[in-house]
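First chain written, first letter: the chains are A, B, C and D, and each begins at residue 1.
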Amino acid sequence: MIVVLKDNPDQKQLDNLIQWLESLNIDINISEGRDTTILGLIGDTSVVDIDLISALDIVEAVKRITEPYKNANRKFHPDDTVLDINGVKIGGGNFQLIAGPCSVESMEQVCSIAESVKGSGAGMLRGGAFKPRTSPYAFQGMRDKGIELLLEAKKVTGLPIVSEIMDFSQISLFGDVDLIQIGARNMQNFELLKELGKTNKPILLKRGLSSTLQELLMSAEYIMAGGNEQVILCERGIRTFETITRNTLDLSAIPLLKSMTHLPVIADPSHATGLSRLVKPMAMAAVAAGADGLLIEVHNDPANALCDGQQSLTPEEFADLADSVKHIRPYAYRSNR
Amino acid sequence: MIVVLKDNPDQKQLDNLIQWLESLNIDINISEGRDTTILGLIGDTSVVDIDLISALDIVEAVKRITEPYKNANRKFHPDDTVLDINGVKIGGGNFQLIAGPCSVESMEQVCSIAESVKGSGAGMLRGGAFKPRTSPYAFQGMRDKGIELLLEAKKVTGLPIVSEIMDFSQISLFGDVDLIQIGARNMQNFELLKELGKTNKPILLKRGLSSTLQELLMSAEYIMAGGNEQVILCERGIRTFETITRNTLDLSAIPLLKSMTHLPVIADPSHATGLSRLVKPMAMAAVAAGADGLLIEVHNDPANALCDGQQSLTPEEFADLADSVKHIRPYAYRSNR
Amino acid sequence: MIVVLKDNPDQKQLDNLIQWLESLNIDINISEGRDTTILGLIGDTSVVDIDLISALDIVEAVKRITEPYKNANRKFHPDDTVLDINGVKIGGGNFQLIAGPCSVESMEQVCSIAESVKGSGAGMLRGGAFKPRTSPYAFQGMRDKGIELLLEAKKVTGLPIVSEIMDFSQISLFGDVDLIQIGARNMQNFELLKELGKTNKPILLKRGLSSTLQELLMSAEYIMAGGNEQVILCERGIRTFETITRNTLDLSAIPLLKSMTHLPVIADPSHATGLSRLVKPMAMAAVAAGADGLLIEVHNDPANALCDGQQSLTPEEFADLADSVKHIRPYAYRSNR
Amino acid sequence: MIVVLKDNPDQKQLDNLIQWLESLNIDINISEGRDTTILGLIGDTSVVDIDLISALDIVEAVKRITEPYKNANRKFHPDDTVLDINGVKIGGGNFQLIAGPCSVESMEQVCSIAESVKGSGAGMLRGGAFKPRTSPYAFQGMRDKGIELLLEAKKVTGLPIVSEIMDFSQISLFGDVDLIQIGARNMQNFELLKELGKTNKPILLKRGLSSTLQELLMSAEYIMAGGNEQVILCERGIRTFETITRNTLDLSAIPLLKSMTHLPVIADPSHATGLSRLVKPMAMAAVAAGADGLLIEVHNDPANALCDGQQSLTPEEFADLADSVKHIRPYAYRSNR
């Protein structure tokens, strides 16, 4: 971290600053130029609050050189993290299709979809039980009952299951859920992140609607700082001015995140676009860009789905997508890290 | 709600749609033009999920004519809501300055600031105990102890207090907190909104960083649908491409919200701008635009504040702001509703 | 277009509206419901100004059902447009790599790069002569001299050339330029669009930094309405809150645009990301998503480029990219229109 | 400007960098820390292209300390610039209302509006002759004839006139136009900026729809670098995710710009909001925040305006706005520079 001081800084304030930094075990390299004095901070600057320093009267500018995240940082963990989700591997060259309905609606629905996507190559089953909906009057998911149905489908198909938690008070229901999803709107629900950091459950962390990649990694860092290093990151579209798509899938996030962190990175083209006809091309593009997996909504009757039918594929469309993806995979981008 | 059908819609799907709408107590006015058939939906369409209808194969376009929020809607409650926060009124012509430190740091700090802002005309004391911070390594607030100190300051000054809750598991600590704040990052933490909707505590709901005003009102609707109608809305800046300010205070939100809803609307120029020198002009502008109150950060030693010192005013600067605002108030905008 | 009237509309205003619409050759289907009267406008509604209608006192809401663009609309031209740029075809299954330096700097530079990218499979040479730069103090391009050097490189290599025009007063210099580029900042320079619409030169139209796809098509419509139907659209990244990349490449724009219009659609991963290490993965993703071509910056000495060196590939890196793209192409997305 | 080098930088590249900087008359202060070498660049760094330096292999990070604009910079011109627009002063405590129709439509219309707004206190008349419209099929303004009618209205009322130029080829028509407007979409039409920089006409420069304040000042710098220092800046709303308003008026831009530059700063609440009922509260807020003037659309028959009727005030509403603003002005924000 570089701190540029204003001309003629008050010596007492400068001494206070230096003393405070030293108390954080930061070494300081002072270089005095003709007009400007620059402090180079050396050590673990992730503990230094950049806003605090910016606020000081004697400071002209501050620039962070090293990233404020440590556990998630590839610099300190050069090898890809490979997660084992109840026997299914993801990351480090292991690619997974995760598919299933937006909302769990019935035993028949979820089991039929599960069998079908398994047959097309899906490695995990997704299904929503607790649904974050903008309107209190919209269908809020089957909740407890939905989790039960997912567990039934897991028993029948053997597929590990993924479902979203909306509040830590629901955790007791997630004992047999293999991968716990944190939705985009909860990416900065810091209390939830901290609590999940104390569990040993794999976490699927979705990028917030208007979050930067550094903010996403800081949220992963909240989980990892608690001791839980099993985190998968998911690009699911960001808010932009385009109105045809629900959000804009930021595929540059995939190679960028994979250079910044060792964690697996997947994409969710269904929620990002909100339009079923865009799911296949965006899935193919995400794979070409190097994604470690895809999260795809599949519904046996999209036109009558209780939620987000517009973006769901039929089982047949999913089989076609899985096939297209298989052709791209061998030629997908891999960085030469 | 207007539903435009595609040419030659499948009759069976159309019958299904009509039957489903009728099950929701919606009346339907069908008008068949030369090329286009249009359904006019009449009744309480807030229960109709617009995405569900858009997903249907037979549907070309859907347009909502009436708002999806009811309890918060001024149409159904033409008079301003006036909240009484432990004796302090806000809304309906009652204006309040709410001031205090970003973070509670010590008894001396919070009591000294409380006395000072009270002397300058503040009607309530704000103070952060639980702090949402982007980094797990940044100061997370004094938490339980912070609430205790605020209650102490309340006892000493008689000012009602405002503090942010980050998770419903903290609710027992908020029994004597007069106004519970929901932060911008939790605006769509729907489980928290629902739980607070079951309490009878006044709620200060902040707009999310990239939320529309309708989304803000839908979040208020979550609280109100649970039976708690004591909600104050707060414009606190939205994310834009400008980097000098932390966020961009959207002052058009004030007259707009006041036309859309009967709830009180206040502004937070401190968090919006992130720069103390912009707090006064933006406070004055918010008052001119018709705000029912202001949320202002005040710190006795901004340069050494543990959080957000850059945006805090000194007690003297706050006194000056309060004075400037007093001159604008008599000429502030009032709609002729 | 659907116009929803307010309750009890003033009859005289309604008659005026109907008369005005009929003067535009629009047929009107009036359907009167219990509470609401709806006008269905039938005919060429691209000539109807939606803002004008919205402003009327008697109007509650207006919704456009058909697109406001005609010449660019795939509905009226179902087959892909194939452009022939001086013998090089693009669109309709014809894919082109367009490569070259951000700025033309010298004869040696441009010819050496041109030979090299031609050898790697590029079908056209790009090069900037007039450079739009944020600062008046930054290098503004070689201007007239730059065009001359490009023409020299065209003579030597036989590659058609692409260069950006910044003002119509420069048109006389572009007589032998094969494809004229309109930069993102000029996407809504309507006078320039109109003038280029009167020429018979192929135009490469870049999406504006915060433009929607409909706005991009309306700008193409400006050119086409003048009689020039030779337009290629280019996705080059939109402004978002992410700061690591210069802009965010919106790859969903590719399949979306290709469903909306018959015009060729290409992507520019160099300008979008601003980082050379992201150019290859994003190029591969764009091809997987169905792009008709790529615009790639190549420089023989990126670290000493006079402009945008950060995002330029070396000739060797470009050869590697061209090879990777070749493997993806056979499996790239194609809609079943 | 601070340049942080990577560990063990290549000495030859470093020598090249230093030599290049010295050729730009930049002095360099090298400070070598334990791990990091930092170059402090001293002198007129506005001529240094920050992107060029970032691209170098040996560079870890670059940070600009001083602003890249000089002529517009308040640091070098501490006193407010006061422009005299044909006898009407603006800036430095001189406040002006600029009002008139979005589009000039007829002699009767423009003269009647001009007389009326003059009577309510407007100091200048605005009117659109050349209209930038998203659609080629929308009304494009009366063009040459529109300018003639404005000049007629100027003759009749004595009010200086403001109108937008869309291309420099139109300049001959603007000889008697007192203040030439550059629209938001042309803010980065650099060729137009350069040409207007060579004239001695006062320029009203509107902020681009997604531009930062620094970009706005760099565009002003283009004009001023050519020798024309008569520039007024106009905040007219930026694109955000809110859909009720056309754009979002960023009022923090007013005090911020006034601290960054000595140029006059005005606001355009009509275009920003796009809704006539928001024009008055936003005008009042802009004045409270310290604006030097307002640009207000006034139409004698908004419901039948040929353009943007939704946002126009009637002459009576304008008189009311002018009166409200008069009450706020004495208490408006003034920085203590």
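Before moving on, here are some points about what is shown:
Rule of thumb we're sticking to: a residue touches a chain if its C-beta (ideal position, glycine included) is under 8 Å from a C-beta of that chain, and two chains touch if they have at least 3 such contacts.
This one's a predicted model, so the numbers in the text were calculated from it and none came from an experiment.
Comparing A-B with the candidates A-C, C-D or B-C, the pair whose contacts agree for more than half of the residue-numbered pairs is C-D. A count of C-beta contacts for the chain pairs A-D and B-D puts B-D on top.
Spacing of subunit B relative to subunit D, judged by their CA centroids, is 32 angstrom.
The mean-CA centres of subunit A and subunit D are about 40 angstrom from one another, to the nearest whole unit.
Among the residues of subunit D, those touching two or more other chains are numbered 210, 239, 241. Put simply, subunit A touches subunit C in their complex at residues 210-214, 238, 240-245, 248-256, 259, 272-273, 277-278, 280-282, 284-290, 324, 327-328, 331-333, 335. Contact residues on subunit C toward subunit D in their complex (touch as defined above): 13, 46-47, 49, 51-52, 54-57, 68, 130, 132-140, 166-169, 185-186, 188-194, 209-210, 215, 218, 221-222, 225, 239, 302-310. Considering their complex, residues 2, 4, 27, 29, 31-36, 38, 40, 42, 60-61, 63, 65, 239, 241 of subunit B touch subunit C.
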